[in-house]
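One structure coming up, written as structure tokens, with questions to follow.
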């Protein structure tokens, strides 16, 4: 037993270190710049309330500038020994500018340092996602305008149901993306609160000017209660993931539709071969691997969202190390979403409908429900009776499906897509950004 | 083989019916009234565009009024044979008012009937959740005002960390609830779009006045693209679940804190025995079962949220029967959230802190970080050096923890809780409702 | 405050009761008979160690027999006031046979009563699932023998890849089901341990003969450590759910294949119309709703499995009320799996391949990889070079795909299915049951 | 439009490549050696059926040996351009030994190459997990033998319930680990089937000797149906994850117990400081970060298990690229489990109970249920009446809890732990390995 409480066994230490730090030191490169930004805001805040002299502030400014330059130049790395970017920054500053580098730690804790850096990351990343989403929206609008007269089967239960148009599908995807951006904007506003100044969850006995630092960091509000700042970990990130998930659900739907619509038996769309990859045993075969990966990535983001909620559950108020594991699913989901939106945009811009193939697959039964509704209007039949009559009297000649599309005049149908509504929404979203 | 394609085997039919209908006919009692409301709006819409005469409309009005009265009086049930509430309504009307009862089916499909009824349910339920959440917020504010001078340990890593107050905890819970309500309001606005008029996902060949019915149903916008109306199934519900989950995460945190804080070894709070239940083998023992159930219910809502996302994944555009299974997790989660908020409110209003017990558990080390920060201010030491000095010079006498609380002057700390901010937010939220 | 600690408010009580009991009193009808069985074993055990006289045992036997008869006759219900079946049973016995009805509670707790009743339920349910799974396996074997010479496209990436046969698909489903049964048997053996005698998690101060009761209840082992009996809650159920999930994954795959293979554009299979349902707006249209519900039910079982794991996480050793919520997902998943297997069996027995349609959709390119491999053998070319040559020299005439199937001679391919292996496995599984 | 179908845009290509390959090329280092092993078995199989000459086989043997040596020496890397380890291996061989390096591709596809390499990885990893689990079991047995006479509170609902011992807890953890190993062994046997020879899911037109290669690779059976080999992706991995999850649930329970038992207010255990880490704002404070990370890692493994199931859902039979995403959650979960078991073992070997602290926290009420049961035995009272009497007559003097422990004589209780059963099981498990 004597050895046990004496000095640390270095092998044990290594295992413990690698277990607790894990990949954190690598992951932190994502938030390193945000910590520098927040550190500078905190320094200015300390100066404002007299905890740093103007000289000290100037020294810190230089130190932080050097740090940022070195970081951007790739001259610094976060090592396992650093544990995370916050320690790396502290060590750098102390080495570069001496004792003042330590004083920046006054009135804050690593806990609120992590919180604020991650919050800035979340906001910034949502803006990046937003930009790409708007780009996808514009691509979809272009295509929706282009294929108004290209008929295609509308499905329910995977069965041909009613006449639709390629533009109708594009419009469906487009409105989905626009709603996703609206939701994303709401999440941005929910996240837009400054946790800096909450320290280790219990505040400090100096009168930090939290409004001042919130303003410096471009937050529109303060997250007030210091304990809540800690407790909101997992909750904020869950909303963030919901915003990403909504977009991924939209993107995954497009992917899934295209995988089915490009089955040889349907062959509705021609997709640029840059988006496909070959098979090792059948090299000529072209598969829509990009869309399969996208479809699978929706599931990765969903399970990351679950993990984030689970990490927020079942722990006592205040900081717990468990929340360190929030970072990986956040960063991974962000990258996946950004990449998937680009791939989606590529797809939308690089397909053409095979009009003849599409038309050859539509059967005349597709018109039955429409004919029936017409009988309701003209003969006053009840719908189900009208449907039976319609089925018995379907057109025998070659059908002009474009004409049929145009008959669909209810708002949001293939004959009345309301694309101008989306055009307007896109414009407004661009202004709002 | 001859038997196979002939007539249906009734045993088979029964199995298929019970498998596909499942509990749907029971679940639909939740949305039955909403379908009546939407049916009336649709009837008025058909009249407006000339598909129903004024006389027919009047007949329908009477039929729907009779239906509603009978439903509320418990005279009608949805049976397995009905399959769902929509068929029950149609059957009732046809029986009651004859052929006109069929004509209301013109220009719509069971698909948009389901969509609009569920959308109305979602909106309405969120308003109910909102009301209870505001009640919880007010209870928390009352308690936060009451226990400002009751010290309690602040924890990190489940270890006593820094001095806090009971009010500080109440404030943390309160700000969490208020943020949850803000988010819930955002979700309401995202759901506030009318899918009625999208028919089976591909619209109709009559010019439905969708703005008119949206207005009648008190929606602030139209969900335009008819295919998107179908495709948004699962997405809308996912946002809804996120709103509920945020509240459940907050409630679950309170539950978990109280379970730990009422362990005999801490014994911080006395909870009214109405909230506890006994043990069969130790009848005198009082357990906080309500909070254990609440804690577990958070997980139920989380897994329901996952199910809803999963149901939205991997299916072709347009209606698919899979989405029928969205209802159960939605209704279950709604009930859980409404009940949990009431239980939470009960807890908040029926506990008292055991001040002496709490104080006896706080050790003087709890002050070290604060003393250290003071040394930073007064002696200009770097924080870590100051901390070491502080630990060596902790007060020997009985500490006045109330005084210590008051020293925590940064906004959001125990000594500067900013409760007036919450008071103002509650007032604004009440107006907004 | 005065009212607070006085007497219980009955409104509060009702809310608390309905929140904590929830649907438990209804759910418990699933395990009621198992509790009677275990109670009888426990009574015999008490008698064996002298805690019940022979007369008392005889009285209990009568009481339990009456209880079982009344229960099976539907004369008893579990009410909210009972809370659960265990209290109902105790109350019944006390009323029926007086004080002896209480003595059966000696040496056990409601905690191990719940544990053992649920364990018996789990084992028994798995045997039911096993029986239906074997039935599905036999149906698949029949079909696999039937359609050996019916060609069909083999897919990868949803694209036609290589020649296959309907039997090849049936064999794939069949081997999957057989592996699922093997796994299920392993789970049965893992669950086959008696927790009765663990009391409230800490045993009792009498020398219960746990081997004796294990034997009476047909368990092959004792779950020894009493605290572990409690702690294993969630873990045992997680294995159970994994066994169900494996079968649901198999069933869901068949469902998904059939949904796609019966799309009008493929039209590979004719499914008996008893398995399809109509559309309200397109009444003639027949949709494979059963398979859509099945596909969705896979997701229900998956999310239930997640819930069960989550309920096992983050709670202190010993009984916690959280685990009450295990029952609902268990019972729901069991019912879904039993029903889905029956539906699956119905599908397998009620479809016929549309041979001509299938053949008309296969393109001659499907042979390229096979021709290439032949060139490797005959000309010694490297595969990729051979493939290029094959593509340039595909047969021009009408291809005899049956002949092509027969060329696939590697074990497990369409030309060498190894069905006798499955036949043998089925026979062995039947013996093992 | 002219540019679209012409030549590939290299920027597009890069995006597509990085999206589809993602981190696959890095992840594949985990299975590279297994692919070499399987390649060698395949080569021998080709030789056996005359598709490779003895000379070619000898050349391949040399090539593979060189490859393995270079790989182990760190001289080769898998690059993005390689896509994965299988292409890297093919390229290496072609470069090293010329055309014969291509011929090894005969009769197999990258699809079954991936399958068999991953299957070998899964089996091998489970054996590693098994070894560490047995080590943990032995550590727990040692501790269980050591602390039989150290009393500790037994809890239910987080409230002190009945007397227990530290050994009782150790025994509970131990039996849990042993059951986990039993289950793991069952999963190993379920995974122990060779998919090599299934090619791209549809076999080949040469008579591969699949039994021969299965034997060479030490598989105890063949996974027969080639399409099922593909379809089982996700299913096999789901069982694998369930095996890991069971162990993580056990480990997480220990972690959670220790986090609560080492709260200052309980202070039951002293944990070696090598397992704790400090706080930045309270450097003296020692937190059990390792156990917090472990507790959180349980959730990571659970969400990975969910992802794996989700990836197996909703895709057509045959290979789909979606399954590429199985690898990351598999490898991550494996590493987490292996590391967590080591950390757990470290904890078990490096704590001591604080006997005096523990005893001081136990109240005499803890004996009530036991006293009551004694009254049942001696006075023939019904349990609940006996309990009331017991509470009124609890011992007034200092209680000898060790004596109380010894009274718990039912098998699996603190006074009759049955440790010899575990000792025997461990020995058997060691033999079985």
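Chains: A, B, C and D, in written order; residue numbering restarts at 1 for each.
To be clear about the criterion, a contact is a pair of C-beta atoms (placed from the backbone, for glycine too) under 8 Å apart; a residue touches a chain by one contact, two chains touch by 3 or more.
Not measured: the values here are computed from a predicted model.
Chemist: Repeat of A-B among B-C, C-D or A-D, where over half of the residue-numbered contact pairs coincide, is which pair?
Modeler: Duplicate interface of A-B: C-D.
Chemist: Return the chain whose centre of C-alpha atoms lies at maximal distance from the corresponding centre of subunit B.
Modeler: If we average the C-alpha coordinates per chain, D ends up farthest from subunit B.
Chemist: How far is the middle of subunit B from the middle of subunit C, if each middle is the mean of its Cα atoms, in Å?
Modeler: 31
Chemist: In whole angstrom, how far does the Cα centroid of subunit A sit from the Cα centroid of subunit C?
Modeler: The mean C-alpha positions of subunit A and subunit C differ by 36 Å.
Chemist: Per the centroid of Cα atoms for each chain, what is the distance between subunit C and subunit D, given in Å?
Modeler: 23
Chemist: Subunit D: which residues touch two or more other chains?
Modeler: Residues 105, 111, 156-158, 161-162, 199-200, 260, 279, 281-282, 287, 289, 292, 295, 299, 302, 306, 310, 313-315, 320-321, 369, 383-384 of subunit D touch two or more partner chains.
Chemist: Give every residue of subunit C touching subunit A within the complex, in rising order.
Modeler: It comes out as residues 156-162, 259-260, 262-266, 279, 281-289, 292, 306, 310, 313-315, 361, 363, 365, 368-369, 383-384, 387-388, 391.
Chemist: For the complex, which residues does subunit D have touching subunit A?
Modeler: Of all residues in subunit D, those touching subunit A are 1, 4-5, 8-9, 12-13, 15-16, 18-20, 22, 105, 109-111, 199-200, 270, 272-275, 277, 279-282, 287, 289-290, 292-297, 299-300, 302-304, 306-307, 310-311, 320-325, 329, 339-340, 342-343, 346, 350, 352.
Chemist: Per the contact definition, I'd like the list of subunit B residues that touch subunit A in the complex.
Modeler: Within the complex, subunit B contacts subunit A at residues 51, 99, 102-103, 105-107, 111, 154-158, 161-164, 168-169, 171-176, 179, 182-183, 186-187, 189-190, 197-208, 210, 222-232, 234-235, 238-239, 242, 245-246, 249-250, 252-253, 256-257, 260, 295, 298-299, 302, 305-306, 309-310, 312-321, 369-370, 373-374, 376-377, 382-384, 407-418, 421-422.
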